[in-house]
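Note that chain A is present in both complexes that follow, paired respectively with chain B and with chain C.
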Partner chain A sequence: MTVELLLQTIVNATYAASYMALIAVGLVLIFGVMGVINFAHGELYMAGAYVIVALYAGSGVPFFLAVFAGLIFVGLLGLLMEYGLFRPLRENPLGGLIASIGFLLILQTVAVLGFGIRMRHVPPATQDTIVFMDGVVLTYQRLYVIVATVILLTALWLFLRKSKFGWALRACAQDREAAALQGISINQTARLAMFIGAALAGVAGALTAPLVAPTPFMGHAVIITAFIIIIVGGIGSLGGAVLAAILYAFVYTFVTTIYDGTLANIVGLLLMLIVLIVKPTGLFGAKERA
Partner chain B sequence: MPERAASPKLYWAIGAVPLAAGLIVLPHLLSFSQQEILVLLTINVLLVCSYRLLTLTGEWSLAHAVIMGIGAYSSALAAKQLGLPVPLSMLVGAGAAGFIAFLLSFPLLRMKGFYFLIGSFAAGEIIRLIWKWSELTWLFGGPKGIKLIPPFPDIEVFSIDFYDPANYYYLCLIVVTISLVILYRIEHSRIGLTFHAIHWQDKLAQSVGVNTFRYRMLAFVVSAFFAGLAGALYAHYVGTVNPNRFGVEEMVYILIWAIVGGTATFYGPILGVVVLTVLNEVVLRALNIDQMRPMLYGAILIVSILFLPQGLESVVPKIKGWLAQRRQKRAIAKPPSEAEQPAK
Partner chain C sequence: MTTKFALSLVNRRDFLLTTAAATVMAGVSMPKITFAADKVVKIGFLAPLTGEVAAWGKPGLDGCSIWADWVNADGGIKIGDDAYKVEFVAYDDEYDPGKARTGAVKLIKEDGVKFVMMLGGDPWPGVSPVSDKEKMLFSTLLPSDLTPETKLLVAPCEVHPIYNVTGVEWLAENKPDLKTAVIVAQDDSLGKPSVATYLAAFEAAGIKVLGDPIFFDPATTDFAPIMSKMLALKPDIICLDTCYADYVHPLTEQAFQQGFKGQMISCTADFYPKMVEKTSKEFMEGFIFQFPDFDDPALNAEHVNFRKPNDFFQEYVKRFGEGEWSAVSWEYASIMDLWSDAAGRAGTTDPEKVLEAMQVGGTGKQAFGEAKWWGKELFGIDNALVGLWPVVVIEDGKARIKEFKSIPAWWDKHKALMIKHMEALNQMYYQRS
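Right, the complex of A and B next:
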């Protein structure tokens, strides 16, 4: 492995870590507050990508405006899930998970009916690239993803630590009933968590749409990746999810570059199985929930 | 007491005769393509019933479709590469599925609930990736899978040709019936009661000396064996297997059948798979909206988990109760002298 290839792989891994972190953090947030594993999270990501297909590639809306529309749209989908599925099934977490599988099928079919079953190519928002070391390339499109991730996750961190809503959210994640006794509205917190969690997946989908060529079934690989990350990071730990996203992205990208993609998938899943067996609370998660 | 013990058996016998007659006559009432669907439906009945055995212990696996695939792949390979006779290779397939489940149970059964769910999902995905892996294409055929699987041999003495779906249906019917009887016997034996005990009171079961790990493993392995058998029946009927056939989508269908039918009774999942398949074939085919199939299944799943969380099987006692009530009312209404007496 040459130095250039090494650096290029590091750049690629950083990009992969960014969007994986966005997705996994959303999933963890939803699990922490609602107690439900959202199986449709990959399809929320897909929905974000298709907003770009429809608005940016289809109607010529400026890219960042379309990304913002994706954020709002997918956030609203999250609200719909909270209101229609997770709230009636609050006492039945397995039921919530199964209902989210049903929702996943509906979203997939809507995408197939609306946009066709084939891959859609989205032109990149910009062709500009940064080249350093005479051969290590970072496209602006990827840079957007990295920068957006840093901004959004910092904002989320500040929101959770500094704002009143953030405190309420964390209180709910620790102990829902105790939080309710303190006068925190469970419904409002659940709405907030679902909106933020879904919107993060939507932004990830919107920003990466020009890089991955959306298909209605792209969510499948994404949800597997997200599961690996939240298990390795410790279910319910936001910081753990970010660290695990970085760890997994580097392992995955390096194995893909050196060997092949299938082996990288197998290694990732084995990593998750080993963590599940040896330390089910995750590498970075101290408690069940955070 | 002996009369009481005999009466349900009598009911069974009275009910079983027309049921058996109906199942035997059924393929002759259907068109060719409907017969093909009937074969798959019969295989799916075994699949979902084997799944239910595992849910008795309280675990919901997401690897069941893949385990069915192990049966299909192993049986196909045993028949094609090793040249085993197909009936024997089917047993090899089922055995292989049981054996892989035995190996998987060591890591997976250390977990419970969500962790087991996700762990089994990961294990299943690993197996599917191994099937797809380019390094092993010589064995598993990569993403395209295995083609030209030897069919079930014809019985020339009686000139029974198993290319005919009606004949293959009878074969499936025999295999599935035997399997269901075994599954039913297991559930109603001491072992089955132990499964229930592990589901509802695992600590208590442990404290009275039940080795819960072993019993959960037993449930996992037996359920995998019959899922593998279903897979083998499938492989030698369709003649081709590929990794995507046993993917998440298939697993979702198994879940939907089990949940829509309900898993508290033996007949619940059967009810689910039969009702949904008939609905699918009759309604969707009539409307010609095959593309909407996943959406309708998703909607059915959501509606049933929201409004019928106990599944279709919970409707049966309700109808029974309603009928009994009507009969009672009529009995009270008929003799006017008794109507004035307070209801018992």
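Right, the complex of A and C next:
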């Protein structure tokens, strides 16, 4: 592997780690606080991408304004899910999981009816690139994803550590009943977790829409990757999800570049299996909770 | 009130005389055949209408709707003494063999179709037993489905992926300074025979393929690592093989974003105006592929058999929008030209008799010119119609046919290479399961 290819692969992996982390952290947050595995998380990512299709590509709304709209819209979709699906099934995690599968199908169908079955093309907000050296390039469109991830995850970390709402979320994640006994509103924290978790998936979809050509079924691959990441990181661990996203993205990208993508998929799954065998709670599952 | 008013103006005798005269006139002017309103022949359309491969199904069905409207407006197709309206019955196989099998049974048993058009590829193994059992004639766009056993399967339109040799041949003739290439393809039944074809074509053209062809998982969403790997080999040519549109676009964008300055060649470039939009006219200049827009003036050449290609394209754009034209928009319609012609000559819709009429004399009118039924050496059966194929190049943001080249002529010179590479990738008919 040449130096140029090594550096370009690091750039590629950094981008991949960024959007994977956004999605996985949202999934972990929802699971941590509400105890629900949200199978529709990939479709929330898809919904964010389609907000860009509708507003930016379709109506000429400025890209970052459309991304913000995607964040809000998908966050509101999360609230809808919490209120309509997960709250009535709060004592039944399996019911919540099945309801999320149903919601996944509804979102896919709405996307098909609204935008058609085929991929949609979203022009990049800019075609500018940063050329580090000959053969090592980072497009601004990818840089946006990396920067947004750093900003959003830092903000989330500060929110969870420094604000009363954040403490409430963490308390619920650790022990929902004890948190309720302390006067923390379970409904309110669940709403908050759903909004933030969904919004993170939505913003990931919105930011990557020009890079992936949205389709109604784009959530499939994403949700599988997100599950691998949160299992490796430790279900319920936000820090674990971020580190696992970085680990997975680097392993996947390097194996794809050196060998091929099929082998990279196998290695990714092997990584998950090894972690499950050696440390069934995931890399950070036992030590750190949201 | 209306009835009373009418009767006050027309007496009974006048009414009877007028009616009788009209009946006689109608009888005189009626043709001797029963018209389309009375009889309908149903044709099955079994292809992916949803999912990643939908771009090679749905636009074909759209093209068929134009074909049917035009044919039906002209009175239908004449089979024996009767004229039949044509009705397409579609079933979405989602590019899945199980669903394709269900669809084939439904189309034949419930809908009573007389002929089934498929994209082919992965779904064909699911359908093959149904074809055998029901003695139904099927068509595929992918002759790699053909084997000596598939006697009722024809590839009468495109001989994928063999026509890709024409693009490489043209490239070598017109840009002889380009000497190295890398190939990338999705790892499936479309990608592999196409890779073998490009390997043979590049070898025949004296172009060296750098490294092994890169096969990627069809679930891939981020193509940056794949393109980085390709560019690290510093090729003159990037070959996108027969990648689906969902992959051709991001791969092309990645090539652009990662600074590739060389030549690109691909089997298809569906919805290429979007690629131009996402890259640049300059980057896409000279992009070679194999499927023309049908507004191309070159399609008005005498040897082209497709009827009114420019009008067809205009109608397609009018109905389905700019940029919706794809590689298959015309293909299923062109197969219908062959089938309706053969059914007309056979005087029946019986599948075996239609096939016999289609292949009489060993030649046929393929969309781009006179062609021959061929394939024994490659597929074990002469059920592929092969002749001329266009080489298309993007110039100033628009696809234009540069030349029609002969596939049989290439085959006669280089068939040993093709068989060698097909065998190496286990794609010969006797190697496929």
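In this section, the second predicted complex is superposed on the first by the 286 of 290 C-alpha atoms of A that agree within 3 Å, B and C clash if a C-alpha of one lies under 4 Å from a C-alpha of the other, contacts with A are read in each partner's own complex, and residues count from 1 in each chain.
Going forward, a contact is a pair of C-beta atoms (placed from the backbone, for glycine too) under 8 Å apart; a residue touches a chain by one contact, two chains touch by 3 or more.
Only a predicted model underlies this, so the values are computations on that prediction, with no experimental measurement involved.
Novice: Tell me which partner A:Ile72 touches in the superposition: chain B (first), chain C (second), both or neither.
Specialist: neither
Novice: So, does A:Thr139 touch the first partner chain B, the second partner chain C, both, or neither?
Specialist: In the superposition, A:Thr139 contacts chain C only.
Novice: Contact-wise, after the overlay, does A:Ala213 reach chain B, chain C, both or neither (first, second, both, neither)?
Specialist: Touch status of A:Ala213: second partner only.
Novice: Looking at the overlay, what does A:Pro124 touch: chain B (first), chain C (second), both, or neither?
Specialist: second
Novice: Would you sort A:Thr256 into first (chain B), second (chain C), both or neither based on which partner it touches?
Specialist: A:Thr256 contacts chain C only, not chain B.
Novice: Is A:Asn265 touching the first partner chain B, the second partner chain C, both, or neither of them?
Specialist: both
Novice: Which partner does A:Phe227 reach: the first (chain B), the second (chain C), both, or neither?
Specialist: A:Phe227 contacts chain B only, not chain C.
Novice: Under the stated touch criterion, which partner chain does A:Gln8 make contact with: chain B (first), chain C (second), both, or neither?
Specialist: Only chain C; A:Gln8 stays clear of chain B.
Novice: Of the partners chain B and chain C, which touch A:Thr109 in the superposed model: first, second, both, neither?
Specialist: A:Thr109: touches chain B, not chain C.
Novice: Across the two complexes, find the residues of chain A that touch chain B and also touch chain C.
Specialist: Residues 112, 220, 260, 262, 265, which sit in both footprints.
Novice: Over in the complex, which chain B residues touch chain A? Could you list them?
Specialist: Answer in residue numbers: 60, 107, 110-111, 114-115, 117-119, 121-123, 125-126, 129-130, 132-134, 248, 252, 255-256, 259, 291-295, 297-302, 305-306, 309.
Novice: Using the touch rule from the top, collect the residues of chain C that touch chain A in their complex.
Specialist: On the chain C side, the touching residues are 49-52, 54-55, 58, 187, 214-217, 219-222, 224-226, 228-229, 231-232, 245-246, 249-250, 253, 257-259, 271, 274, 277-278, 280.
Novice: What does chain A use to touch chain B in their complex?
Specialist: It is residues 37, 84-85, 88-89, 92-95, 97-99, 101-106, 108-110, 112-113, 220, 224, 227-228, 231, 235, 260, 262-263, 265-266, 269-270, 272-273, 276-277, 280 of chain A that touch chain B.
Novice: Can you list the chain A residues touching chain C in their complex?
Specialist: That would be residues 1-2, 4-5, 8-9, 12-13, 15-16, 112, 117-119, 121, 123-124, 127, 129, 131, 135, 137, 139, 142, 210-213, 215, 217-218, 220-222, 253, 256-258, 260-262, 264-265 of chain A.
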